[in-house]
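Please find the structures below.
The two complexes that follow have chain A in common; it is paired with chain B in the first and with chain C in the second.
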Partner chain A sequence: MSDDAFTFAPWNPEAAEETGYSHYSYWRSTFRTFIKNRLSLTLLIIMGVLVLFSLLYPVLASVDPNKVALDSSLWNRRPDFAHIFGTDGLGRDIWARTWYGTRTSILLAFTIAFFDVGIGVVAGALWGYVRKSDQIMTEIYNVITNIPSTVYLILLSYIMKPGFWTIVIAMSSRGWITIARFIRNKVISLRESEYNVASRCLGTPLNRILGKNIIPFLVSIIIMQTALTIPYSIGAEVFLGFIGLGLPLDTVSLGNMVNQGRSNFMLYPFQLTWPTVILAVITVSFYIVGNKFADASDPKNHL
Partner chain B sequence: MAAEDKREILLEVKNLTVDFKLGRRKFSAVDDVSFHIYKGETFSLVGESGSGKTTVSRAIMGIHQASQGDILYKGESVSGNMTGSQERKFRQSVQMIFQDPMASLNERAKVDYIVSEGLYNFKLFKGEKERKAKVERTLRKVGLLPDFASRFPHEFSGGQRQRIGIARALIMEPEFLVADEPISALDVSIRAQILNLLNKLKKEEDLTYLFIAHDLSVVRLISDRIAVIYKGKIVELAESEELFRRPLHPYTKGLLSAIPLPDPESEKNKNLLIYDPSIHDYDKVPPSWCEAYPGHWVLADERELDLWRRR
Partner chain C sequence: MSRYIVKRILQSLLTVVIVVIAVFLLLRLMPTSGYFTRDDYINMTEEMRSAYLRNLGITDPAVIQLQRFFAGVFRGDLGRSITVYPKLPISTILAEKVPYSLWFGLASMFISVTLGFGLGILMARFKDRWPDHLGTAYVVAVRAIPSLIYLFLIQIWVTGIMRWPMVFYEDRPVTWILPVVSLSLTGIAWYGIWLRRFMVDEENRDYIKFARSKGLSQKYIMRHHVLRNAVVPLVQYLPVQLLLTIAGSLIIESIYSIPGMGGLLVYAIKQQDNNLVQVLVLIYAVLGVAGVFVGDLLMAFVDPRIRLAEKKKKKEALRV
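And then the complex of A and B:
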């Protein structure tokens, strides 16, 4: 081979700057990392089907969950073809009641999580970033967390009329502070980073520093907190229903069903079992999916 | 001297003290520091780590509050509370370049946002088109390609990241740049590239620099005047060549003797001077800031000044 076969390429400073382009997108990488895990994908599908089914059940089926049977032969029936999960002491169809109840519980949990996390993230970001707020916020935290939650919930349920929004207010008014505290600890570790100092030097206002420099780094924590709040709220509703302070008895909810199933448990265990199984599946899958998604949304775990 | 006095003073630091509280104890990171920077010069602040050089720069930027003293920019105080329009003017014309390019860029934002952050803050553009054009122009100025705007910081090398940081400051069209050890975190092979870029921009954009470094050999290359800071106090200040030719303060001498020599033979026989603060006798008479030679200031008492001058 002779040297003629080669010519010198002209020096091009622009080409020297060219680097590999990874075409990185945060949410796409998050999603790809998430679906790599078989377990989380399976649970996500189960969870999605359950949530979707319970939300759509009133449209799909025409069974009235509150329809009582006057005929005593239809009371406390064991599961059969007509009533997949059997009937309760008033002849109401447990299958229908389970889905209506799940629907109520999920809507309740989503609402509580929305307020908890929404308020918690904003308050936590301010708490962590604005030094002056630390003392007062810490005091508020101490006050709220030192009141036993059960006492507080019972008290609020007595003061206000039992109902959907009562539970939302009761849960959210104290739930946000633990999330805020969590967020605050993370924000403090981000606060003095050089890129935040750089933003301050550029005169970036507080709301944009929080929105662009702080909160994007908290996505995985926010997701995890949401994922934990949802099963916790479902559980709390069941607990409140169980002690008789939850939603009114004419509202179908998992809490009310568990409460009614408990009284008949020795004779008709299926009345408690089926709602509880659905409850457990939803709770556990929310918990695991949330954790896995939080892991996946941490860029350190991206491929 | 007469010619020197006519030069416009851009930034003046007067008796600046910055205290940090450590529990109940108070610690002065910067202690009664005064200097001024003329328009168009490169003023360097040199000192070992922990000497307070970064604190000075952050006090100028308003990140740390001055406990005492005053910072004047173009004759106006910028250390206390500024009005909205003052702050706006100050932020636009005074910008900072950071030490660590890995830490100083927001990892979750695209280069486009990072570079135009200042534009958003002060609405320095009319439409999306103008902003894009400004970003593109600034990226080109620092030797980057315009289509880097759509990428994230982690896709770049250290030198490129540092240039993104420079672009972020440059897009504000500043007059005064504070460069806080802009090259010490970089690979040796690209330090010269960044220094050359800074020098080129200085000429093109008519900039004034406050350059903070611990490496005297780099500082000599680019600065007009050098101040040596030790434990929060400036011990010597002189024109660059003057300081290298005639260092007075023993700490400066120590620093100069620590510069590595490229020749192994002379490096081996080099006489390394180690500064020992106990040689001073400041118990009765505290040292004062005296002009040993025209434009060459040193922190000394009268006996020392006499002694150092005679040598």
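And then the complex of A and C:
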């Protein structure tokens, strides 16, 4: 070992500064971490295709999901070429009904998730930031979470007429509070955390603190809550259909199809099986993709 | 500590009262036609209807009705059912229905806790290997797929294969199996996934690394350090889940025709049996609030580092 093996680097103030800066981009890292996982990428694609297909189905195909066959030989047909998933007790095409139903359920679930998360995030941020609101909000939280969810859903479905917006209102007027609670806990712990105090001391402007230090942490919760609200809402619609308070029976929805298929299951199992498979694929993919994306959007899991 | 307990009890009472009042007011929003059977409604004249409603006490101002309800509860009188079991004391109805839900609930809770803890430990122990993946698949399936679907399929297929009766018969223990198993599925998943999560979190702590570098065996660390600390946050939820077993499960009790509490609430709301709904909500709210309270105390008991009274003080100090 001698000094010949090394050459001294010339002192360069700019180069010295460069080590303090990385080309780290939050969204790029999140995305890279996410697509690294094969399973979540596959499910994301499947989910995207299913959602897109169900939304576009009324444009792509001209089969009327409510068209009743008068000829009884067309009732309860097993799956064949004309009817890929077979027909139900009134000769309606189950393939078409499945996609219309998926569409209704997805629209319903997205609407609920939109309100739940929208109200939840705003309320949660205020709850975390405005200290005076803590006691009132905690009491509201206690009250809402102590009314059994079935009581609440059923009561509201009774007071209003069963329908799309009734379910949306019933679900979101209750669902926002749990999301708000999550956000509140996170905001409180972030607000007082040392790196934020340090940032503030160094004179970082508020919008930069919010954008770079706080929102990335909240994003993972927001995305996960959105993704988990969707299977939950779809399940709730099926449940409400089960107790007879779901969407009106002439609306094609997965909940209604599952409940109709259930009563014919002994004789015609395919009437339940196929809509159920589609339903399960959608809810499971949302669940997994939501969880994986939440993992990926947590900066601690990057690199 | 005793000051803390008194304060919490008062707070809990307030919550219960607000919950009851909220549901009470919601019930008054329902159309009055629901208080009649269909035939009665058609056959009665307008005067008869209003006389009937007045007789039920529904036309009185809400405040009076509330006062009457709370006064009754304080005397230990839960009132009588209006439409579901006309004129029958609610305490009699409960005495008949609660045992079914309670026994099924307790049995399934026992299974959920033992199997769920087993699953969680197994998943944490073999993290990122096949037991973990298999467990995760189970948890995802149970939580993501609407429960009605798989519960129904289990009922159809298992009873078909085993040649068991489809529904519940009190005198045939073989019909008790499926409802208990069905009730446990979500519980097992819940305990499993959370215990795994807390154990994995705990394993990454510095003191565990230290214990390992000291040369303690993996088994010893898992049993005496990781597991014991990971159980603490779960203990908090045991009391509330235990108490709410009496609420029963709507789906399971209805597909197996178990005459328990599960369907009672829905039926009572559908029939607009206000008294019955009110009592049920009161019971569930009291049990829920009490369960959370006992859970907090239990957690402080299990983990001596948690001091409830002081935590409260600290929070208040922060707020100032």
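Assume the second predicted complex is superposed on the first by the 261 of 303 C-alpha atoms of A that agree within 3 Å, B and C clash if a C-alpha of one lies under 4 Å from a C-alpha of the other, contacts with A are read in each partner's own complex, and residues count from 1 in each chain.
The rule we apply is simple: contacts are C-beta pairs under 8 Å (C-beta built on N, C-alpha and C of every residue); 3 or more make two chains touch, one makes a residue touch a chain.
Keep in mind that what you see is a predicted model, and the values were worked out from it rather than measured.
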item: Touching partner for A:Leu202 - first (chain B), second (chain C), both, neither; value: first
item: Chain B versus chain C as contact partner of A:Asn264, first or second or both or neither; value: neither
item: Touching partner for A:Glu194 - first (chain B), second (chain C), both, neither; value: first
item: First, second, both or neither for A:Pro13, with chain B first and chain C second; value: first
item: Partner contacting more residues of chain A (chain B vs chain C); value: C
item: First (chain B), second (chain C), both or neither touched by A:Tyr24; value: first
item: Contacts of A:Ser133 with chain B and chain C, given as first, second, both or neither; value: neither
item: First (chain B), second (chain C), both or neither touched by A:Lys212; value: first
item: List of chain B residues in touch with chain A within their complex; value: 58, 61-63, 87-88, 91, 95-96, 98-100, 103-109, 113, 117-118, 120-122, 143-145, 148, 151-152, 154-157, 160, 165, 168, 172
item: Interface residues, chain A side, partner chain C - complex; value: 131, 134, 139, 142-143, 145-148, 150-151, 154-156, 158-159, 231, 234-235, 238-239, 242-243, 258, 262, 265-266, 276, 279-280, 283-284, 286-288
item: Complex contacts: residues of chain C adjacent to chain A; value: 14-16, 18-19, 22-23, 26-27, 29-30, 34, 140-141, 143-149, 152, 156, 247, 250-251, 265-266, 269-270, 277, 280-281, 284-285, 288-289, 319
item: Sites on chain A touched by chain B in the complex; value: 13-14, 17-22, 24, 26, 193-195, 197-205, 208, 212-213, 216-217, 299
